[in-house]
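Chain IDs A, B, C, D, E and F follow the sequence of writing; residue 1 opens each chain.
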């Protein structure tokens, strides 16, 4: 990250350091988004709290969440999220190809009709939010998504419309490890 | 809000109820975004924590924040945020006209060159995030924004790219009161 | 208006002065578009003659006309017309909210299916005129619009594609009164 | 014209018939726009009054006006205006090639820097009206256009944003004669 | 062509000269694309070999091919191809009007439903290639196009997405003769 | 490839089979584009002849060519070319990260100013070809590109505007091997 300083761990509040250390242990390296966001600890806390809510409190599978993230990030041309969440999708989905498909063009992805409907909503909410209407949500209901799951599909898409913009603003660079993880 | 159920206060966790009551007391009515988000308490907590961080922990004035919010929401064609934050801008900025200018077209707004630069970044990050480059940030530095303030301008814009999409997804409707507040 | 001089009434032809005085009497103030257009009296005459034909010689109600005007002006991001015709819509439609809905995003407006079809044609003709085809007109016929009313829906939309551009060219500023009229 | 009936001359008011006969005598055939607009005589009068003001009361040469018309109509993909005003440009400009250049892409046209600036404003006002700012007008002033001429450049462009939309709405078809006139 | 030098025939390889002479004999003048491409003989050979394959080895009629070319070139705003292939379409289609219709807006062209489907695919592949899906191809099958003809419709469109860009890059100018041929 | 049949080698002309066998030997597998294009042998020959001219007869390095290809394919959202040419760029450029950067957003790529200028032209010619003007080419000259190299930059970009469209039309799928080659 070149546009904002990356703080040293010594200068950070304990809860932020704790989270960074947890993530580092889990991944084997520190994903750069944690260092980038640590520039603003109050934002760090809110951002990851939101992220945690999205992935922990939902009927969506983690694979479905990462599919939405990568499709949205591909539509927004976000290098950091394409690569970091592409890796997560390869791992959670146990699929080495799907992330590259979604980065390019979610319409070319090998997904079920149900997941295609899910991605149609996520990408429409990304590219032409003002055109989203009730019928767009009902298509997901017809594929068996619960009301709450429909909210969550939209919420993941909306959150990554925030994330993609912060990554672009700050010029976040994905760790080299992410480029090949899960291939 | 017609696309997701609005929970009754009795069914909500205490901290969510507390926040809703505080807001109701402050405004004299309950802004609908609080009822809409209460559908998902874990999201409610994260969303408003982020919002609080943006408005409480920053060098930007509250008027500047609301200028960014309305310009971004106007660009995204968001009815809820245009109207609710238009009201906040009239109140915080003590200006009955600026919100209507920003809703229409931020280029027609009567603002200083410094604020024009601020809004140029916020709207570019909204409309063509992938085209934001270092030079876009440096223009703000030339107008005296600190590094942290530049992050915050981008962060407010990014957050309302999330909010605008949630409002559109859920078809949030601004309270009638907001339409005339501060005129 | 800052980009073209506003003539003094003394320098204007009598018919132009007469019209300005009539409008001033009707509104209680002189709507700025009359002063702006007076810069070119031959254009003034033609512009308001067209406008008069649109509002006086038609089956469309005045409320319907102002709905089209505000939806088109919102799509074109026109500050003057959003605000001045937003006020007219509040008055003619006896509705304090509809204008703010149409300014933001006509898809969020509380309107009948018949009016939604009317606005769909008006906004499509605004945003992608080359894609308008016979089927777009027939949808209005199916909602009971006569052939002549369909022409008029298109004509109001087309005329405000002219007006919005003149307002932007000349940087016309709506009178302060319009911002709160009818709220 | 297939979407609205073309009235018979016998059913039209005298002033409308007179104008149609004048035009027919001048051109040697009746340009279809006159028959199309005769469907709504009150609109006919206003439309051609505006047109007359634009071409008769201006410092712009008729060639310059037709250059603007064809560049705008090309940008709006309008078959009727491309062809009918393409013919007028060939005649008034005594240039068999310029119209085909402007229909395709005004940036490829063999025009002076002065006329390039004129067309830049006309096309910007057509394609992204909300982005037109004072600097766009000042570029024309720097090329020697008077204040009034700048208004007129914008007014011609704005008027054909109306005309192009009416032609598309009504599916106006240019007379066969226009396709080869002046080649 | 002003952006790259046009080589003299004496400096060109024999096969390139032969082709240029053949074309000159056929047309009565040397179409400028042959002189422009002669700047890079290896590209010349490949470009015209591809072109020959498209027009000689196909079930599509030459008129159909030129319809696709003009619709694609109109969508891409290509002056050279609009004019040169407009002339070819007038000649092969024995129709003096169709080219001007397709240059403006293929939706206004007087074509059969079968040819409308053909042009819909060609223009969609031009304007939003990533949105082309199986159903777009199947519409052509429903109109009786063979599998191979569907490939060829797409191939002609794709090839002119190359040609239009080379013409724009090199600022190729159509010969004056093309503007009036076949009118 | 699911939209067109893939011919068996036994049914193909000898020169096409020879080329396929060469490529298979070189890569260790048969890149699917060769099988896809074999559906139309006359197109196969022309397509690869053009490709060979672009990579063999040029001052551009192979790394530069693949940079252009991946930036253009990323802009066009082409799954096949992103992945297959991403692999070639990793190999020719000896860089495991650059392809993922260019697929996402060429503005985030770690490239020299010279290469940034090269990619600016290639992507502008892809996304808004009608806006390319002489000044766009002169920027490359200022960075030391010869006239012929400028043509070649444009020609590679133009050719992949053809390729990306054929890949999308035919739904070409990159071989699994390409996804991880050179990482």
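Everything that follows uses one rule, which is that a residue touches a chain if its C-beta (ideal position, glycine included) is under 8 Å from a C-beta of that chain, and two chains touch if they have at least 3 such contacts.
Computed from a prediction, not measured in an experiment: that's the story for all the values here.
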| item | value |
| --- | --- |
| Centroid distance [mean C-alpha coordinates] between chain F and chain A, Å | 29 |
| Length of the line joining the C-alpha centres of chain B and chain F, rounded to whole Å | 43 |
| Inter-chain centre distance, chain C versus chain F - centres from mean C-alpha coordinates, in Å | 50 |
| Multi-partner residues of chain E (each touching 2 or more other chains) | 77-78, 105, 130, 168, 171 |
| Graph class of chain-chain contacts, one of line, ring, star, complete, other | other |
| Chain pairs in mutual contact under the definition given at the outset | A-B, A-C, A-E, A-F, B-C, B-D, B-F, C-D, C-E, D-E, D-F, E-F |
| Chain B-touching residues of chain A, taken from the complex the two chains share | 2-5, 39-40, 42-43, 45-47, 49-50, 52-54, 56-57, 76-78, 125-126, 129-130, 132, 134, 137, 147-148, 151-152, 154-155, 157-159, 161-166, 168-171 |
| Complex interface listing, chain D residues touching chain E | 74, 77-79, 82-83, 96-97, 100-101, 103-105, 108, 168, 171, 174, 176, 179-180, 183 |
| Chain D residues touching chain B - in the complex, by the definition given at the top | 130-131, 133 |
| Residue ranges of chain E in contact with chain C within the complex | 105, 107 |
